[in-house]
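Chain lettering (A, B and C) follows the sequence in which the chains are written, and residue indices restart at 1 in each chain.
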Amino acid sequence: MTPSIPKLLLICGALSSLTACGDRESDFGRPLERRSQPVELVLLEDGRPDPEVLAVDQFIRRGNGEEPETLDPHLAEGVSAAHILRDLFEGLTTESSEGEINPGAALRWNISRDARTYTFYLRRDLTWSNGEPLNAEDFVFSLRRVLSPETASSTSRTLLPILNAREVLAGELPVEDLGIALLDEFTLQITLTGPTPYFLGLLASPVAFPVNRGNLEELGDQFSRSGQLVSNGAYILQEWVPRVRIDLRKNPEYREAGQILIDRVSYIPTEDRATEIKQFRAGELDWTYEVPNNQFKWLQRYYPEELVVSPWMGSYFFGFNLTQEPFIDNPSLRMALSLAVDREIITDKVTQFGEQPSFSLVPPGIDGYVPFAPEYADWTQEEREHESRRLYEQAGYSDEWPLRVEIRYNTGDNHKKIALAVASMWKQILGVNATLVNEEFRVFLQNRKQKLITQVFRVGWISDYNDPYSFLELFLTGNGQNDYGYSNSTFDALLEEVGLERVRARRERLMFEAERVLMSDHVIIPIYTYVTKRLVNPHLRGWQSNVMDTHPTRYMFKLKARENPSGEGASQ
Amino acid sequence: MNIEAKPRSPELSVEDPFAAAFAEEDVRGRSLWVDAWHRLLKNRAAVVSGVIMAIMLLMVVVGPMVLPWEGDFTDWDNTSSPPSLETKHWFGTDAVGRDILVRTLEGGRISLLVGLVATLVSLVIGVTYGAIAGYYGGMTDRVMMRVVDIVYALPFMFFVILLMVVFGRNIVLIFVAIGAVNWLDMARIVRGQTLSLKNTEFIEAARACGVDHHSIIRRHIVPNLLGVVMVYVTLTIPQVILVESFLSFLGLGVQEPMSSWGALVNDGAQDMESAPWTLVFPAAFLTVTLYCFNYIGDGMRDALDPKDHL
Amino acid sequence: MRQEGLLRHAAVRLLGLIPTLLVLITIAFFLIRMAPGGPFDGEKVLPPEIRANLDANYHLDEPLLQQYFRYLGQIITGDFGPSFQYKDWTVNELIAQGFPVSATVGGLAMLLAFVLGTLIGTVAALRQNTAVDYSVMGVAMLGISIPNFVVAPLLILGLAVYAGWLPAGGWDWSWQRMILPVITLALPAIAYIARLTRGSMIEVLHSNYIRTARAKGLPESLVIRRHAFKPAILPVISYMGPATAALITGSVVVERIYSIPGLGSYFVQGALNRDYTLVMGVVVFYGVVIVVLNFIVDLLYAWLNPRIRYSEAP
């Protein structure tokens, strides 16, 4: 008669279970199938895992965030597409499981003395997944395709260090004038505009992957669909069901096919982080793209083995608009606001996932660079607050004349909490009257760029390549990314020198000096450096945490489960 | 009979021979409302709901003034802390240490305001529009309903997102956006009912007596629609509160540090396992309110049904 | 006479679809272009050379009016153009992939809601103001008293994560994956339909012709089925037109939380990404669906309610 009563009961059941899980040790929150323990990893003499310990079905499912916008490596922009493309393709260089740059399609290379010319010697036995041979000409074709105006590739900016790239993109020169030369069937020479120490790293990114000319010419813009894509990586595209899954299987033609253990990998897009984690807990995923904010303690308690947190190459900070009141020509006010922010509280209480409190722009761990640290980084928070109040008064503000300021951020749970925290600290310590302005992402970007109504705004910068320069260049006078209106000739001159410097130690010193100049001008309020955070099935091994957050499937393998699950899995 | 062929009757004048009949109508109309009120008071569920809502309203208005916490105060010593008497956070705190009780009461102000104002807007526009279209029929109806169709055919989400995106977060805009969509439903339902009413005997009779259209709509059609409209209003208030929560789900709700039940419930739903108190308390307030509105609406519907007393 | 009127009405409504769509396209086109920012804006700003290439590729460098007429010309041939966001697919393909999913889930939800909603509403009306009335309506009301973005994760937690009976998310056309989304979508609709049915059923039951039918000594079940039900569900039919259109074109909440590849999230994602072609595509598609459904509702209305005559004005 009333068939919805069972549903009601279920809802009540779920409600009661969730209220129960917060405060007592129980099986709630315990993943169901997943609590089977993997066997001990045994390595053979050559460093590879003993086949005895491997699971029979080497199949993994990776949660992958947004649906990739395309699998054309030259057009794909997002992180989720990049994860898949790293499995499908291989560039001249490639990444190890630790994220280091290794030889890929190129066996070795020479770099000229002026650090501007790279000569790549390709492996001679390379083939495409359709069996056709792959040689240097394919790379010439592909790099030209990226940089030709008709391709309209937005990621082509990654290859701008190549000689004449900008002119070719602007249609002023033909693609043949690019600094890319075919020396013979297996030798390729790339000339750059200036020394670019991170260039080998750029070549490992999807935009520098080769595409198969015949495949492209036959199918046009549909070549990257399932069952059609010809690739040269460890995996081939088997099936792409839009917004459901992208299935890859091992590519038997890959140069190291014999070494690869995972036979099939399925990338599952999930728009909602909360859903993704539930899918993981229900045993439907082996690897999540990320985990929800604000649940660190809970995850650490119930998923200690699965939770993986590691530093990432990104900085979270607030920027000042230096072209408008009240921050124009007012470094002491900017410094006061920066000192009043208690980074420890933000990372400990708000973000919680082990983000590092930050006092400078460049995150630590980038290619050996040690970021600049201002003296107040070593002060106690009380000392900082004391100095902050002094500077605030010096700038002419007081309880009677409080600063009124808008903190602008784009819609997002984490951004909201951090902005709230900062506003609250300013209010409690300085009496600043801060209003929060939450804007939709593209509106926010436009306002930031126009520099008319912004005052303080959030910025998050995840670097494209493993080099401090990618952070520093944002502050160059006239840079498209310079939403602060910052312009300091000393800083600009230092960065220009960086662009010409070939000696690594000197280059680092110049960048350090530039960062010092920038930080002394108090253009930004550094908050923390990013971490990546995800849940990983403990059976899945072979991957390593790294600052680039690249995790090709070809290094992974899956351990089999223990026959008699012991320990906590069985006892409870 | 085609109303398009005939010039519209002017406003009822004093000389109108049927004026007396309308004066009588008026008296009957008033007693209907008095009767309805008595019947409403006999409906226990509605009365209890009314009392709860009155208490709720009082709490929401007075509560934040007397409670020990400010809604935007961040208690860094107690972030995401469960309900506790010691910390004086009786409903616990959220991720940045704000008191959930105060936030819930402050959120209630916004939610109730949005619910009432947006519903009122849609009620006035929708009933007028629908009754006119349904009653006049013909070309008028066709044109008016074409306009409704067009606005209808614009997906609500698209419309609201663009409003929020172009004009920014603004609570007045939330009223406008929600009201602007909801009157369409109201108009359609009222029109449908009017269509079925206008051929009934008593309307025919009034028309035969030469009563002008304006008066027929006001005195005969609208009162007879009240039953359905009341049910619909009580569906609309909770619906509007839910729509506001949906906007919060999309991240397009009210601007921090302001809040609403929808925004709080949405935040809570993110942490439903790790911090269930952030969901349970606002959700309880929301649900109780929605239930109460519905029971009050039921009571009103039963009390106002004119057909009961023909 | 009545048949003729219906036919004429049908013809008028279908012809009316064209100007409706034209106005709709125009409003939507200029509304989305009013939104600040464009499809190629991101945290990382494009160098001007690359930006120019992209704009030229998508004709964004032309004057807006020219783009509008280009779009109109394109859409007459039924071509919604390529998506800005999903570069491998055309908007037509994305809709063709998403609509069957949304229509299945939404259609099943509406069916469930209609059956349960009218049943609950009728039962409640027959036992007006009794414990039965309060309890069945109380249960039905849950659907519109708890937001679906709370209900959906609760269902997943209870039935997928803890009980392990159903999948937590994803899509493969299996019934297991449809259960939770269909329930979640149906809950509010059940509540609405039950309330509408209850309200109008009470009204109908008090009407003279039902009294007459009862007085004639007809059994109560026959009175309900033969005489009361049809007029009582008129408001439900009115509600179901737009509600069905909304359900079968997908719900962003349900799609996001259950990871379902339907149309719903395109309305939001398309607008937020400034994916002009995609958002225009789904808006126009939605417009067609809703006009067609409203037309069907009108036909049903006329069929159920003999008092409506389309052939003549009052």
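Everything below uses one rule, namely that a contact is a pair of C-beta atoms (placed from the backbone, for glycine too) under 8 Å apart; a residue touches a chain by one contact, two chains touch by 3 or more.
If you're wondering where the values come from, they're calculated on a predicted model, not measured in any experiment.
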| note | Touching chain A and chain C alike are B
| field | Winner on C-beta contact pairs when B-C is weighed against A-B | value | B-C
| How many angstrom lie between the CA centroids of chain A and chain C, rounded to a whole number? | 38
| query | Roughly how far is chain B from chain C, going centre to centre by Cα mean, in whole Å? | reply | 21
| message | Based only on mean CA positions, could you tell me how far chain A sits from chain B in angstrom? | response | 46
| Residues of chain A whose C-beta touches two or more other chains | 15, 18, 274, 440, 442-443
| task | Could you list the positions in chain B whose residues touch two or more of the other chains? | result | 165, 269, 272-273
| request: Send over the residues of chain C in touch with two or more other chains. | output: 35-36, 146, 153-154, 157, 272
| field | Interface residues, chain B side, partner chain A - complex | value | 72-74, 76, 79-80, 82, 95-97, 164-165, 168-169, 251-252, 255-257, 267, 269-277, 280
| request: Under the touch definition given earlier, write down the residues of chain A that touch chain C in their complex. | output: 1-5, 7-8, 10-11, 13-15, 17-18, 28, 31-33, 67, 69-72, 75, 77, 149-154, 156-157, 160, 166, 169-171, 221-222, 224-225, 241-245, 268-272, 274-276, 278-279, 281-282, 284, 440-443, 445-447, 449, 460-461, 464, 480-481
| field | chain C residues within the chain A interface of the complex | value | 35-38, 40-50, 52-54, 56-57, 82, 85-89, 94, 97-98, 116, 120, 123, 135-136, 139-140, 142, 146, 151, 153-162, 164, 167-172, 183, 187, 190, 255-259, 261, 265, 272, 274
| Hey, which residues of chain B end up touching chain C in the complex? | 1-4, 43, 45, 135-138, 142, 146, 149-150, 152-159, 161-162, 165-166, 184-185, 188-189, 192-193, 195-196, 198-200, 207, 227-228, 231, 235, 238-239, 242, 245-246, 249-250, 262, 265-266, 269, 272-273, 279, 283, 286-287, 290-291, 294, 298, 301-302, 305, 307-308, 310
| note | Touching chain B in the complex, chain C uses residues 12, 16, 19-21, 23-24, 27-28, 31-32, 34-36, 128-129, 134, 137-138, 141, 144-147, 149-150, 153-154, 157, 188, 192, 195-196, 199-200, 202-203, 206-208, 231, 234-235, 238-239, 241-242, 246, 249, 252-253, 267-268, 271-272, 279, 282-283, 286-287, 290-291, 294, 301, 305, 307-309, 312-314
